Every structure is written in structure tokens, then in C-alpha cells.
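Two complexes come next, and they have one chain in common, chain A, joined by chain B in the first and chain C in the second.
What follows is the complex of A and B.
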């Protein structure tokens, strides 16, 4: 029966080709617009590490206090997203979490061993070995450096897959060295493809930019006085001059993440952090009660407004557009079905039940939806291509259409069109056979 | 025109009329908000930087390989080489430039130990060539002289500048009486007094996003007499003579690599390129919203054509009868036009309300500005004209129905 109705629907749609084309075009354009923006939105809103997003926590410690500039009275939630070196050091020494790492973004000039090649700039993340296990980074060759390397401020690096291709031609580079600002660093690992978007572990610095090309021990970077290339906020209190002064200052410039696998670990860490801050109060560094927060990856993305307002506006606009397209299709379907009231009357008189008429018309709506959805997919592809040419590279990185997006587009089209078809279909089922036959 | 029959006919086609009215209302609401955003983003992307943009190029992120002990001499050597290039008016080294998206800010206070600073300003470093290098206009006070300028050994070097040059907007904010030159301010980072020695007409901050960092102090900048000498990358700003831009764009980086190859230059770009980059997403948003507006209008128009055509087909006999009873073709066209005007009027009324509430919601959610009511009114007129245009073709078709139809059928 279903196949028969589908056949009938196609025949009926062919009969009034102009209305059919209008309906399919309206739905296709609506789906195309809404899926284009939804793809970008979903990419921004996506959980970048679904298997662990509830176990990884960004740490905030208020080291400026309630009387510092810019504090909104009564708002205990919004304060420094980064922490100072003093606190990073304190938390690393305590090791109260299952895994933890302080980190920051820096950079250097890399001199290739081939003298014909010019030196080039690389982005570096200074971090601890736990970083790799914490964020489940894949390794193509080698492994992370050891905790002993962290303690020993070793001159070792993990490099990205891309950089390995660029300077070592993709060969096994474990044990070879790279020259960063005239220092030789030994390669201990080559990462597999790992480029989370957004870069959730450091949303303060180019959240949609690329991940670092080189990772090296935090302790080494501090020892080498590698300056932060990211956001440094001193809130009017820069402390003493020089690198040592910066390390002793209350400037915030480091990100800190902790892995806390169980609810008990989370509670334990919250208590630990508050105790840590209270200790700072006791020793006179803080003149206010403990003010700390930990937020998991999902909470952190929301807290840091990872989804850009522009994208929200576009999603809103495009879904309103889809609504207009559906209302449009609904009107046209109504016109089309009511134009066939005579046929329906004949079918009813020949014994078709209301349910049968209802089912038949609904399938017709579904067929339109399916055709509109397929057209919509095509337009989404075009739309995303358009976005790539119109928007910056950071946003363009978010315009990749995944299989789940295709499913969403088709289901959205069929379901929405069928819903829009409900009223015209109901009207069709109400057709009085006697009345229609009389009118003939 | 008699409204009675139109309204009673519409009553029998309630849903179709409501569908069109709602479509028009949503179209109107989205269209005027989109146009409003478009207008704002276009205005945003046209804000001047204060620099002589067509003739300024930037050698972005020059970085020495290793922690060069003679970085200061190297910087001076580069500047001498750049300034001696044919077609170059002037050049200087700086930490940042307008529209770059990255830089430093500081809070400026009138008194020491103020909790919140009086003004926030972007900080640019530069020597006595900074004003000519950007092509700024000095409107009061004096330029830096060679005695003012010192090396700054990275951002952790906290020495105080001997004096600063501020923008006019900033000077007016700090000293509304207009006597800023010669006054001293407290820079939050150093808690030392710094005199204002000069005022430039305009110099935009490095950040340009609509509501992000910098949007609240867009023209508040200071120039400090420093050369940044450290492991940090910095930029050379080169001011070309008119018409010499493309030659200098080629020659400048080549010259620098002739001076030394132990360096990295991220890229060389013109200020025009920097503007295109900085506002790319704003421009993109404008194009996307424009396309959506056109598509919305088209979809709504086709919807009206489709539904009205159906109504015409449905009422063929009635139209025939009216024609037979003496109604002119004009009267038939007018009937459908009036009908559409009524629907569009209702749609526009709902649409204006919807547009204003949508805007109010966005003001809250996205820190948008309030919509001017003019936009809603223009939108209402556009939607009503659209309705009239869309209904014309089906209405003319209706008018061409022969009166004889009434006698022939049934």
C-alpha cells in the first residue's frame, strides 16, 4: 500500500508541475539555509572530547579579590579565566588531581637543518606530560615525555604530524633534534592528527585557531624565559620588572586543567582548592575568603561563550527563514489538495476511508519533503562553499559537512514538511463525498 | 471599493489568508532586523584608523632567531635600511597596528590608586617616526625626540615612558577642559606619573569586533616612546610615497633579508589587506544576511503567487458571473489587489510588532543596539509593495476570465 501511495503521490505531483516545483524549491531553499548555519553552529557547539568532557575541569582561583578593578559586585561567577604562576606552581606541587597540567602558549623561530630553508615561526604550547593523557592526544610515533623530564626541565619536544612532514619529510624523527631559537630539542613524540575545534583547553587565545606545532615541558619554558604569546592580564598590578618579577606577580596568563574521574574526586578537588585559597589568606597573600571554581569542558565552553553571537544570529535568521518556507509550502499544499477535492470525493464514494485519504496525502507531503531535503542538501553544500569564501579561515574550519548533518537535513525536511502537510491533509480527509459528487 | 464581499470571501479561506499574513509578518521581522545589522556592520567596517591607509604597509611579526644580544642595533639597522629605500617616506617599529586584532591595553588614571581607571587605551610603541610612519596628524603638543625614545626589553620591562602621545578622543576623555598637553596621568602598570606631550587626531585601537574587546574605546590609543627589543615578534610600519606602494611592497622584505637572514617575517601586507582581513566576517555576515533577505522576499512572493492563483482557479465561475453581471476587468484586478492589501496590512502590523520584539530580545541576548522604528516602517512598506507586485499576475489572469464561462459551466 505504501509503495502504491508513493507512486500515486509522484503521479499527482507531476500533474501540477508548477506548484510542485514551487513547494520543493521553497523547502529546499529553507533546508539549505538552515542546515548551512546549523552545520557551523553544531561545529562550534560540539563537545570536543565527548568521552571525557565531564571529567576534565578548568580551574579558576581569584587572586585579585573583590576590591580590584572591574569586579561586578554580587557576581561571584565571573572572574579571572586564567591563573598566576604562583598558583600554577602551588597546584602542580600539590598534585591533588588524578592528572593536572598548567600550560601557556608561546612561540619560537625554528631553524631547519637544511640551510637552504629560511627559519620560520612555530607556535609552542608549554605544558606538563599529563596534558597528553588528559586530552587523549593520539601519537603517531614515540610517546609523551616523562614526569622526570618535567622535573628535570628537559630539552625535549613533541611535534605535530604536520611539522614532522614539513621538516622531516614524514620520516620517523624520534631522537632527532629541532632547533628552536638556537637551542636543540630532542623529539620524543610525533602527534597524530589532533586539532580540536574550538581549542577548548585555551579559549582565551584564538579559540578557533590551530593547535600548537610544538609541545615542550612547562618547566623548560619557564627556565628558558619563553614569554607568553597569549593573553596576559595584570589588572593594574604588574609587580616587579623582569621575568622573575612576572613569575612572582599576580598577573594571570596560565591555563590550568585537572582530570577528576569520579564525583568523589570532583568534591575532593573542590575542597582542596578552597583549602589552598584559604591557606593563601592565612599567609596574607589573599585578603578575602577562598573564591575558586572548577568547570568541566561543557560548562567551560558555555562560560567562555565559545559559540559566537554572529553564528547564533545566523541560526536564528535561517530557521525563521525555514519557517517561512514551510508556511509557504503549507499554503501551496493546501491549494493543491483542495484543487483535488473532486478526485478525493470520488475515492471516498468508492469506499476509501478517511484514514486512507489522510495517509495518501501525508505520503504526498513526505515525498515533497524528501525531494526538498535532497535539494536542500545540494544547497547546503553550496552554502558552505559560499561561507568558506566569505568568512575568515577560523570560521571556515567549521564548515565541514558530516554524515550526521546529512541525516539531520533529510529528516528535518521530511518531518517538517509532513508536519506542514498535516493541516491540508486533515482538510482533505474532511471532504464530503456526496457534496463533491453533487457539484460535478 | 467594497470590503464586505472581500472579507466574507476571505472568511471561507481563513487558513490561506492567515498563512500569507504570517509569512509576511516573519519576512518583515527578519528583513528589518537583518537590514539593521547590515547597516551597522557596514558602518563598523568603514571606521577610519587615522593612518594614511592606501600608502602604509606592514611587515608583520619580524622575529630574530634566538635571543639576539644585539637586537637593539639590528632593529636600528633594519629601520635605517627601510628608510633609505626609494619610494619610502618613513618607517618605524611597533608592537601592534590598527585592525591587527592583537596588542596591549593599559588603564589611565588621574590619581594614583584609583580603583577603576578613568580611561582604557591601546598601547602602541614607536619612536619619533611613528607619526609620519602611520601618516597621523599631530594636532597639539610635540612629537617624540631622540632623547625620549628608549629600548623596552619585553613586556616584563616596566620602565616608565618619558612622555606619551595620546589620541584626541582620549585626551578629551581624560581632560574635558581641553588642556591635556603638559598634564600627567598615572599608567596602571607602573604607578608612575607620565606627562602627555602631544595629541594626534586619530589612531584606532587594534581590535575591531562589533561587541568585543576594544569596542568601547575604539579611538583611545597612546603611543609610548619605546622600541620593543626582546624575543617577541614586532612589526615594521612603512609609509610609502603615493604611487610607490607596490614597488615598496616587493622591495622592503627583500631588503630586510639582505640585511640578515637570521630572522622570521610572518608576512608583509598593506593596510588595505589588513582592513579586508579584519572585517572579513563582518562583510560575510552582510552578504549572507543580504542573500537571506532576497531569498525571503522571493519565497514569500512566490507563495503569494501560488496561493492567489489557486484562489483564482477556485473562483473561476464566480468571477465569470461577476463579469457577466457587468464587473469590469479593472474591478476584478482591484478585488484581488484589495484582498492582498488587507492581508498584507494585517501581516505588516503583526510583523512590525514581531520585528521590535525580536530586536529587543537580541538587545538582551547579543548586546545589539535598539532598532530604529524607521526600519520597521520601511519594512512594512516593502512587504506591502511586494504583495501588490506578487498578486498582479494572478489578478490579471483572473480579469481575463471570459464572462461566457458563467453561462457555459454546470
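What follows is the complex of A and C.
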């Protein structure tokens, strides 16, 4: 009977084109508006590394103490999102996690060996070799540098495949060199496509921006005094001048991640971190009890407000609009269905049960929803195109419509319209055939 | 085939209770062609809708093809209606956006017949009413008489045990009405049980038996002249 009901629904929709167009338009506009905002929301809210998001932990150490700038009084949860070089160095030396890496964003001028290309600036992430294994970065060619390279401050780099395409024409560049600020760095690896959104491993610096084009050893960057291109916070005390002063200061400018595969590892690391902070108290660096946190990727995204409140409000508003559209569609459906009360009476007289009429009308609502959903997809595409033209390049990266978004749009339209059709459908099932036939 | 015993149907509001049928008894045997006549507002359509299981009754008993229909739920009533009863309406009640064969297909779909069986029955029913060539026409493309023939084909297609006809010629001119009535008589001769509601005495005489309803009750037509005579005699003081 399903196919029969679908056929009847299509006939019914053809019968009153104006009403049908109004219903589909109401649903399509509602779906278009809600899916446009939902797409952006989902892009912001998604788990960027689902296979490991519960094993990767951002590390926080309070090196400023209570009542300092940036610390919310009485709120033990909100304090510095980045750490100082002193702490990064201490944690790296301790090697208490399965894998760990301090990191920061820097940059340099790249002079291509190809004389046809002009020098240009590149974004660089200074990090440790563990970074690549921790974040499951794919490699197109070569491999990460080694731990020995970390220790030896080696002048090696891993480059993105876009950069490899740009400066080496996509050829195998392993062993070739790139010139960064007049220093030659040997290419040891070319990454595959890897551009997580949001850039969860560094939400402090352009959270929705593109990942770095070049990765090089943290130790090399420190040795080379490569300045931070990211956010620095010194809590009003920049410390001594110069690079050495920066390294000895309590300024926070580094991200630190640890991979802790098991719950026992997590507990162990938490204890280690508190002991580390307590040691800092004992040595007189901290004058307050240990105050540290580790948060996994999902917790980190929430903590860092990866999804902006404005976006949540926008989603709420757009879904309220969808509700209004559905109420309109429901009214139109009611008018359409009750206009067919005579036909429904005849069907009842010919043997249709209330359940059969209910099913028939509900499927008709579903067909309207499907058509509305398809229109909604089109409008969502237009909406996202509009957003792309209005928003910055960074945010525009969130406006891509994925296959799962398409599925959600269609299912949302069909389910929402079917739900909106419940009342008109129930009314249709209540049609008293005797009254209809007497009236005729 | 159809047996109603002391059946009543009351419509109730907060302040008033109106009986459309009261102490209503009728027995239609298999193969009979019965005309039910009544003045307007006497309850003949109520009788028809109750007989067709489209409406519930307030009291009494109703047996259709040997089955007591009291207390059946909507699904059971719908199934029984679909399998046992064929409706022919005064206004034809064809579904405007379905063509002839799709209209006839409606009760067969609810019956659960498969495609080939439905097609066979549709062709057979259309052949019976002489409209095989019109199977793809829409109701609006047919004359009133042809539409009523389609309605009859629709009623026949499921091989019902009982045909209920509500003023089947009421919307037709004389010539078309004659054709439809001839068809009903032919169906009756072939063994169909037909109950035809009408207010037209000329139509009623074509039936095998006539049942008259007055104020929601069956009146014995054989006794009626005598009752009238008795009343007249009482008024003049002569008596019988």
C-alpha cells in the first residue's frame, strides 16, 4: 500500500498546485534557514578526531596564582589556556605521558628555489615529533623527523602537500631543502590532506583557520629564536627583555598536549601534573597550591567555547523560524485535507479503515516534506553561498555542505513535516463517512 | 443476509435526544431486491448508513450475513464493509482525480488483492456495466449515467454479498435512470442481494419487495390501507 499511497499523494499534490507550492515553499524556506545555521554549527561542534578525542589531553598549569589577571576569582576551572616555556620544558623533560608535545605557531619568509616564484610568508608550527603520531596526521611522502632530531635541534621540516605542490610542483621533495629566513631546512616528510576544523590543538590562534604549511622541531625554533605568531599573555609582567628573557618569563604562549590512552594513564598524569606544580611551589616559583587541569578534546572544545554563543542563538532562532513555517504548512495541509473530506468519506465507505486514511494522509505529508526538503537543500546551498560572500575566509571554511548535512536536511524535512501533518491527518481519520455521504 | 431487530439510532445533544430509527426491524434475505421508501427525514439514509456499517446504532441487533456487527471496532467494521458490501450513491461519489479503473481499484486495494487479480476484477466489472472502453477516462469526461455505471462497477468489483443503493437514479434523467435500473435488475437476476433506498414510488415498484419507513419505523405496507380506513371510520363514527 505504501507505493499506492505515494502515488495518491503525488496526484493529490498535483490537484491543487498553488496550495502545494505554498506548502513546499513554507517547508523549504524553513529547512533552508535552519540547515544553513545548523551546517555552520555542526562544523564548529563536530569532533575533529573522534578515534582519539578521549585520549588526547590539553594541559593547563596555573603559573600566575589566584586573583591574577585572566583568572576568574573563585572559579577554579577558568585559568590560562596556554603554558609558559618553563612549564613546557619541564613537562617535556619529564616525559610522563605516552606521547606529548609542546608547540607554538610561528612563521618565516620562504624563498623558493624556483626563481620564477617570489618569496612569501609561511605559517610554521614548532612542535615535537610526537605531534604527528598524536594527531594521526597522514603522510604523503617521507615521515616525521625523529626524537634524535628533536634533541639535536635538527634543521628539518615537514611540509604540507599544498606547499609541496606550490614550491616543488608536487614532486617528491624528500631530501630537498626549503629556505626559511635564509636558513636551509631539509624536507623529511610531506603531509597528506590534514586540516582539522576547528584547529583543536590550538584554539587560541585562529581556531577555524588553516593548519600550518610547515612543521619544524620545537627545539630548533627555540634555538633559532623564532618568535611566536600567536597569542601571548604575560599577565602584566613581560619579564626580562630579549629571547632569553621570554623563555624565563611567566608569559603563556605555548600549547601542550599529552596522549593518555587509558584511564590509568589519565589518573597517573593528573597526579604527576599536580606533583609538578607542587614542586614549583616548594622551589618558591609558585606561592599557591597546585592548580592544574587536563581536558580531553571534547572537553577542551567546550571549555574554549569552540561553538560561539552567537551561533547557538542563531541556530535557535532559525529552528524557531522552521517551527513557524511548519505551523503554516500544517494549516495549509489541514485546509487541503479537509477540502477532501468527501473523498475520504467515500474511501471509508469503500472499506478504508481510520488507520488506512491516517497512513495515506501521513504519507502525503511525508511527500510534501520530501519536496520541501529538496527545496530546502537548494536554499541551504544558496544560504551558504551567501554566508561565504559575507564572512571571512576563516569562517567560510565552515560553510561546506557535507553528505551527512544533506541527509539531515532531508530527514529533518520529512520528519518535521510528518509531525506537522499529524493533526490534519488525525482530523482526516476522524471524518465521519456517514455525515459526508449524507451531506452529498 | 441483512437482519435488523428492534434497532434504534438516537442523536443526542445536551438538551434533546432525537430518534432517527426506533424499534426498527427488517429482514432482507439472500437474493432479494428490496426497495426502502420513505418521505424525506424519515430515517432512510440513517438506515442505509447503519446497514453499510458507516454509522453505529444505539440499540437493538444487526446481523450481516450471519455475523453480529454490534461491538465491532473500526478495523473490523471496515473489513466487513469492504468484503461484504457494495455502495451505490445518488451522487455517484467517484473520486475526481482518479480515472475509471483507478476508482474501481479503490476497494480492491483495501481488500489486499494483488495486481493481476485487481486488473481481472476491474476488467470484469467494467465489462459488466458496458464501459470497458472508458477505463482511462476521468469522471468529468463521462455522462451522469456512465458515472453511475462506474459506481456500480466499483460496487461490484469486490463481489460483495450485499449491494446498498441510495437513490441510484436520483441524479439522472429518465433515460439514464432506466438504463441504471435495468442494470440493477440484471444484477438481481444474477443473484445479487440489493437494498435500494428511494423516495420514488415508480422506482420502488421495480423491486421485488418494498419496505416503507415512517418516522424511523418500518410500516407494514399491506396493513397501511386498512389502518387508514380504520382511522377514517373512527372519524365518521362508522367503524369496521
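One rule holds in what follows: the second predicted complex is superposed on the first by the 435 of 440 C-alpha atoms of A that agree within 3 Å, B and C clash if a C-alpha of one lies under 4 Å from a C-alpha of the other, contacts with A are read in each partner's own complex, and residues count from 1 in each chain.
To be clear about the criterion, a contact is a pair of C-beta atoms (placed from the backbone, for glycine too) under 8 Å apart; a residue touches a chain by one contact, two chains touch by 3 or more.
Computed from a predicted structure; not experimentally measured.
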Could you tell me whether chain B and chain C fit or clash when both sit on chain A in the superposition?
-> fit
So, does A:351 touch the first partner chain B, the second partner chain C, both, or neither?
-> second
For A:411, is the partner it touches chain B (first), chain C (second), both, or none of the two (neither)?
-> neither
Which superposed partner A:12 touches (first chain B, second chain C, both, neither) | second
First (chain B), second (chain C), both or neither touched by A:33 = first
State whether A:143 touches chain B only (first), chain C only (second), both chains, or neither.
-> neither
Thinking of the overlay built on chain A, is A:434 touched by chain B (first), by chain C (second), by both, or by neither?
-> second
Regarding the shared-chain residue A:323, is it in contact with chain B (first), chain C (second), both, or neither?
-> first
Chain B or chain C, by number of chain A residues touched = B
Check whether A:171 is in contact with chain B, with chain C, with both or with neither, and answer first, second, both or neither.
-> neither
For A:342, select first, second, both or neither according to whether it touches chain B, chain C, the two together, or no partner.
-> second
Taking every C-alpha pair between chain B and chain C in the superposed model, the minimum, in Å, is 12
Please write out, lowest number first, the residues of chain A touched by both chain B and chain C across the two complexes.
-> none
Residue ranges of chain B touching chain A (in the complex, touch as defined) | 15-16, 19-20, 22-23, 26-27, 29-30, 33-34, 37, 61, 63-67, 107, 115-117, 154-159, 188-190, 211, 230-233, 257, 261-264, 266, 277, 280-281, 283-285, 287-289, 292, 295-296, 299-300, 302-303, 306-307, 309-311, 313-314, 362, 365-367
Residues of chain C touching chain A in the complex | 45, 49, 52, 54-55, 74-75, 78-79, 81-83, 87, 89-91, 93-98, 106-107, 109-111, 154, 158, 166
Chain B contact footprint on chain A (complex, rising order) | 18-19, 22, 25-26, 29-30, 33, 67-70, 107, 109, 111, 118-121, 181-183, 225-227, 229, 232, 234, 236, 238, 240-243, 245-246, 309-310, 312-314, 317-318, 320-321, 323-325, 327-328, 330-332, 334-336, 338-339, 386-387, 390-392, 395, 423, 427
Per the touch rule, the chain A residues reaching chain C in their complex are 1, 4, 11-12, 14-15, 342-343, 345-356, 432-434, 437-438, 440
